[in-house]
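Each of the two complexes below includes subunit A, the first together with subunit B, the second together with subunit C.
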Partner chain A sequence: MTGFGRVFSSDLLKLRRTFVWGLAVLGPVGVIALQAVNFMLRYDWLTKLYAEDLWGGLIDNVKWLGVPALMIGLAIVASMMAGYEHQTNAWKQTLALPISRTAVYTGKIAALLVLLLISCTLLAIGTVLLGVLLGFGADVPVGKILSSSYLPLLAAMPFVSLQVWLSVTMKNQAVPLTIGILGTVFNLYSSSLNEWFPWRWPYLLEGAWSPFMTVVAGLAVGALLYGVGMNHFRVKDVN
Partner chain B sequence: MNEWIVETQILTKRIGNKKIVDGVDLQIGKGEIYGFLGPNGAGKTTTIRMLLGLAKPTGGSIRIFGKDLKREKLAVLRRIGSLVENPSYYGHLTARENLEAVRRILGVPKSRIDEVLGIVRLSNEANRPVKGFSLGMKQRLGIATALLGSPELLILDEPTNGLDPSGILEIRELIKTMPKEHGMTVLVSSHLLSEIDQMATQVGIISKGRLIFQDSIQTLRARAQSGIELAVSRPEEAGRLLLSVGCPSERTDRGIVFRHQSDDNVAAVVKLLVERGISVYRVEEKKASLEDVFLEMTGGEGSL
Partner chain C sequence: MLGVFRSELLKLRKSPIWWLIFVSPALSTLVAYAEFYPEDLLPWHISLSMIAMVHGLLFLPLLTGVFAAFVCRFEHAGGGWKQLLALPVSRSSVFLVKFAMVMGILLVIQLLVCAGLLAVGFFKGFPMPVPWDVITRSLLGSWIACLPLAALQMGVSVAWSNFAAPMALNVIFTLPSILIANSEKYGPYYPWAQPALAMLPREAESFGAFNVPLESLFFVIAGSFVIFFAAGYSYFLRKPV
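Showing the complex of A and B:
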C-alpha cells in the first residue's frame, strides 16, 4: 500500500466507535425530518406553490437546510477528527512514524470527505424517500437530486480545506469551531453576496456564474487552500 | 571507534533568541543504554524531538544509523521506535486497536501486536478501551507501540514520569532487557539521576541546552569519590602541613578534607598532625553521592 493508503486505513480505524459517524447520519436525517415536518404542516400551500414542479420545490427546500448543515457539519467533524490526535498529543507518535506529513495531512482530508460523502448520499436517498412519501409521483428527477446533493460538497471544498487546516494545526479547537460557526451564519445570509464570496458557492445559485463555474471555483480554491495548509503542516514543529 | 548509531554535531535549536539546545554532540554506540540526563527544561525533549524529525534543528546535523536524518528521514524512522513524554493513545480505542492503528502505518504482520502486548504484559487487557487504563498501563502500551516495528533504536523520553515505584521498577526492568534480548540500542531520558544510574551504560548530561558530560556510567561514578574529613583544632596549619607532605586538602567548616587514601596513609596523616600538636577531633569518611556530582555539574538546578 502507498503511504497515503496506509494512513487512510489507520485514520478510518481511529474513528471506530466515535460520534463522527453519528453526526454524519444525524445531519442528513435531521434535514429530511425537518423538511418532512415543513411539507406536512404546510402541504396544501406548498403543493400549490410548487404545483408546476413538486420535486423541484422539495429539492430546493432540502438544499436551503442541507447546505448550512453541511457547512457546520464539516467544521465539527474536522475538529473532532483532529481532536482525537490533539487530546493525548498523538501527533508526535503519528509523525515519528515512517510516513510523510503530506500523507498524514491528506489522510485526514480524505477521511473527512468519506464522512461527508456518506452524508450527501443519505441526503439524496432521504430526498427521494420524502418525495415519494409526499406523493410527488414516481417520476423522480434523479439527476437533479444527485447534483443538488453532491455538488454543494464540491463547491464547499474551500471550507473543507480551511477547517482541516485550522483544526489540525491548532491545539485549541475553539478557534476552528468558532470560525466554522461564523462561516455557517455568514453562509445563511450569503445569497445576496457577490459571486466572489465562497460562502455563497455551496448553494450553487444561478447568477453571474453558472453552477458549473461555481463548482470549478470551489475545487480550485479548495485545492489552493489544501496546498497552503499542507505546506504549513509539513514544516511545523510538533510539540 | 565503532560506528555510532546516533551521532549529532553541534545540534542547535533556537526559538526566538533563546538557544534551547546549544551545540550538542551526542554519540550513542550500538547496544548501549544511553541515559540522557538533565533537569526539567534543559533541552532533553527538544533534542529528542529533533532526533525524531518532529522539530527542525536550526543548526548542526543528525546522523542516525550513519544516515543523514534530513535526507533519509522515512528510512531512518522506520528503524526507530519512540515514546515521547506522556504516552499518546486514542482513549476510545482498545489497546489492540491502538496498536492496529500504528501497525497499519508500519505495515508489519498482525502477529506483532500479540508479541508486543506479551512483552509489556498487557495481553489480558488488550480488548479494553485505553481511557480506563492506569498511567502505568498507558505507559506500557506506549512502549509496546514503540516496539511494534521491531526497531533497532528505541527512544524513550521520560518513560517513568509519573509512575509509582512498582511501575518505575517494571519499566526499568523492561528497558534493561531490550539490548540483551532484542539487540536494540536505547536512548532513555530522565531528570532523575538514580533512574539513569540503575539502567544506563552510557550517560549524557545536558544543562541549559549544553551537553556538559558524556561518558560511561563508571566514569560518572568515579567522579563521586569519597574523601576523608578531619575535624581539627587548627585547620589552616593542618592544611599547610599536609600539603608539605604531598597531600592537598580543602578547608571545610569543621576542618579539612582530602581525597580518599589507603588506611595506612590516613593513619600517617593523623599521626603527623598529632605529633605537631594539632588536636584531631574526628576522622570521617565523606561520600559525595552521584546526586551531588550531578547538582554540581548542572549548577544546582533542581534535579528532583
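Showing the complex of A and C:
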C-alpha cells in the first residue's frame, strides 16, 4: 500500500471504537426523523401547501435542516478526528513514521469525506423511505433526491478544507469549533447574502449562479484551501 | 472556594478564548442595525425578536457548550484533574466554581447584547424612554434558560476528554430547536428552545410557541435544571481521575 493508503486506513481504524461513526449515522437519521415528525404532525397543511409537488416539498424541507446539520457536523467530526491526536500528543508519533506530511493531511480529509459521503447516502435513502411512507407516490424523483443529497457536500468543500486545516493545526479545539458554529449560523441566515459568500453555497439556491456554477465554485475554493492548509501543515512545528 | 475561583479566572484570562464573548453580541447588533423599521411598530421589541432568532436560538445554547467544555480543557489536557483535585479543595467547590464561571461568561455576553441593542436604539432614534422592563426580562430570562443547558454540558464536559464530544451532544439537541421552537405544542417543553423563547419580548410577536407565558417556561427550565445539575454534580463527586 502507498503511504496515503496506509494513513487513510489507519485514520478510519482510529475512529472504529469511537462514536464518530454514530454521529455520521445520527446526523441524517435525525434530520429524517425530525422531518417525519414535522410532516406527520402537519400532514394536511403541508400536503396542501405542496399539493402540486409533494416530493419537491419534502426534498426542500429535508434540505433546510440537512444543510445546517452538514455544516456543523463536518466541523465536529473534523475536530474529533484531530482531537484524538492532540489529546494523546500523538502528532509527533504519527509524523515520525516514514510517511509524508502531505499524505497524513490528505488522509485526514479523505477519512472525513468518507464519513460525510456515508451521511449523504443515508440522507438520500431516508428521503426516499420517508416520501414513500408518507404516501407521496411511487414516481420517486431520484435525480432530484441524489442532487439535493450530494451536491451540498460538494458546495461545502471550502468548509471541509477549512475545518480540517484549523482542527489539525490548532491545539485548542475551541477555536475551530467556534468558527464552525459561526459558519453554521451564517449559513442559516445566508439566503439573502450575495452569491460570492460561500456560506450560501451549500443550499444551491437558484439565483445569479446556477447550481452547477455553485458546485464548481465550492470545489475550486475547497481545493485552494486544501492547498493552503497543507502547505501550512507541512512547515508547521509539532510538539 | 475563592482560590478556586481566582485560578479559574486566571486560566480564562490567559487564553484567547474569552474574545469569543464579543462574537454573538457583535453579530446581534449588526442584525438589529441592518433591519428596517416602519415608524408605527415597536422598534425595541422587534429588535429584541431579531436578536432572539440569531443569538437566542443558536448562539446562546451552542456557546454554553463551548464555554462548559472550555473550563474543563486545561484539566483534560495533561492530567490536570489529578493536580487540581490533589489540592486542598473540595470536588464540589471545583464543580460549582466551573459552573459559575460558565454562567458568569454568559451573563457578560447578555450585558454586551444589551449594550449593542441600546447603541442601535440611540443611533436609529428609537422612541424613548427605553423599555427597560421588556429588555431586562428578555435578556435575563434567556440567561436563566441557559442554566439547565450549562448544567448538562458541565456534566458531559467533565466526563468526556475529547473537546468535540460534548459539543456534538450540544448540537444534536440544539439544531432541532430550529423546527421545535415553531411548534406551539412541543416548543415550550424542549429545554434547548427555551433561551430563544424566553428572549422574545412577551407581547410583540405571537406565532408558534412564541407566545407562551414566562411562568410556564419557568417550570420546564427549573425542572430540567434540577435533573441535569444533580446528574452532573453527583457524577463529578464520584468520578475516578
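Basically, the second predicted complex is superposed on the first by the 239 of 239 C-alpha atoms of A that agree within 3 Å, B and C clash if a C-alpha of one lies under 4 Å from a C-alpha of the other, contacts with A are read in each partner's own complex, and residues count from 1 in each chain.
Please note the rule applied: a residue touches a chain if its C-beta (ideal position, glycine included) is under 8 Å from a C-beta of that chain, and two chains touch if they have at least 3 such contacts.
Keep in mind it's a predicted model, so treat the numbers as computed, not measured.
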| item | value |
| --- | --- |
| Room on subunit A for both subunit B and subunit C (clash or fit) | fit |
| Contacts of A:Q87 with subunit B and subunit C, given as first, second, both or neither | both |
| Which superposed partner A:D237 touches (first subunit B, second subunit C, both, neither) | first |
| Contacts of A:A138 with subunit B and subunit C, given as first, second, both or neither | neither |
| Spatial angle subunit C-subunit A-subunit B, Cα centroids [nearest 10 degrees] | 80 |
| First, second, both or neither for A:T184, with subunit B first and subunit C second | second |
| Contacts of A:L97 with subunit B and subunit C, given as first, second, both or neither | first |
| Touched partner set for A:N172, first subunit B, second subunit C, both or neither | second |
| Partner chain in contact with A:L65 - subunit B first, subunit C second, else both or neither | second |
| Overlay on chain A, subunit C to subunit B nearest C-alpha distance, Å | 10 |
| Subunit B and subunit C footprints on subunit A, overlapping residues | 84, 87 |
| Residues of subunit B touching subunit A in the complex | 49, 52-56, 74-75, 77-78, 80, 82, 84-93, 97, 100-102, 104-107, 142, 145, 149 |
| Footprint of subunit C on subunit A - complex, ascending | 19, 23, 26, 30, 34, 38, 41, 65, 68-69, 72-73, 76-77, 79-80, 83-84, 87, 172-175, 177-178, 181-182, 184-185, 188-189 |
| Of subunit A, residues touching subunit B in the complex | 1, 6-7, 9-10, 13-14, 16-18, 84, 87-100, 235, 237-238 |
| For the subunit C and subunit A complex, residues of the former touching the latter | 15-17, 20, 23, 27, 31, 54, 58-59, 62-63, 66, 69-70, 73, 76-77, 161-165, 167-168, 171-172, 175-176, 178-179, 183 |
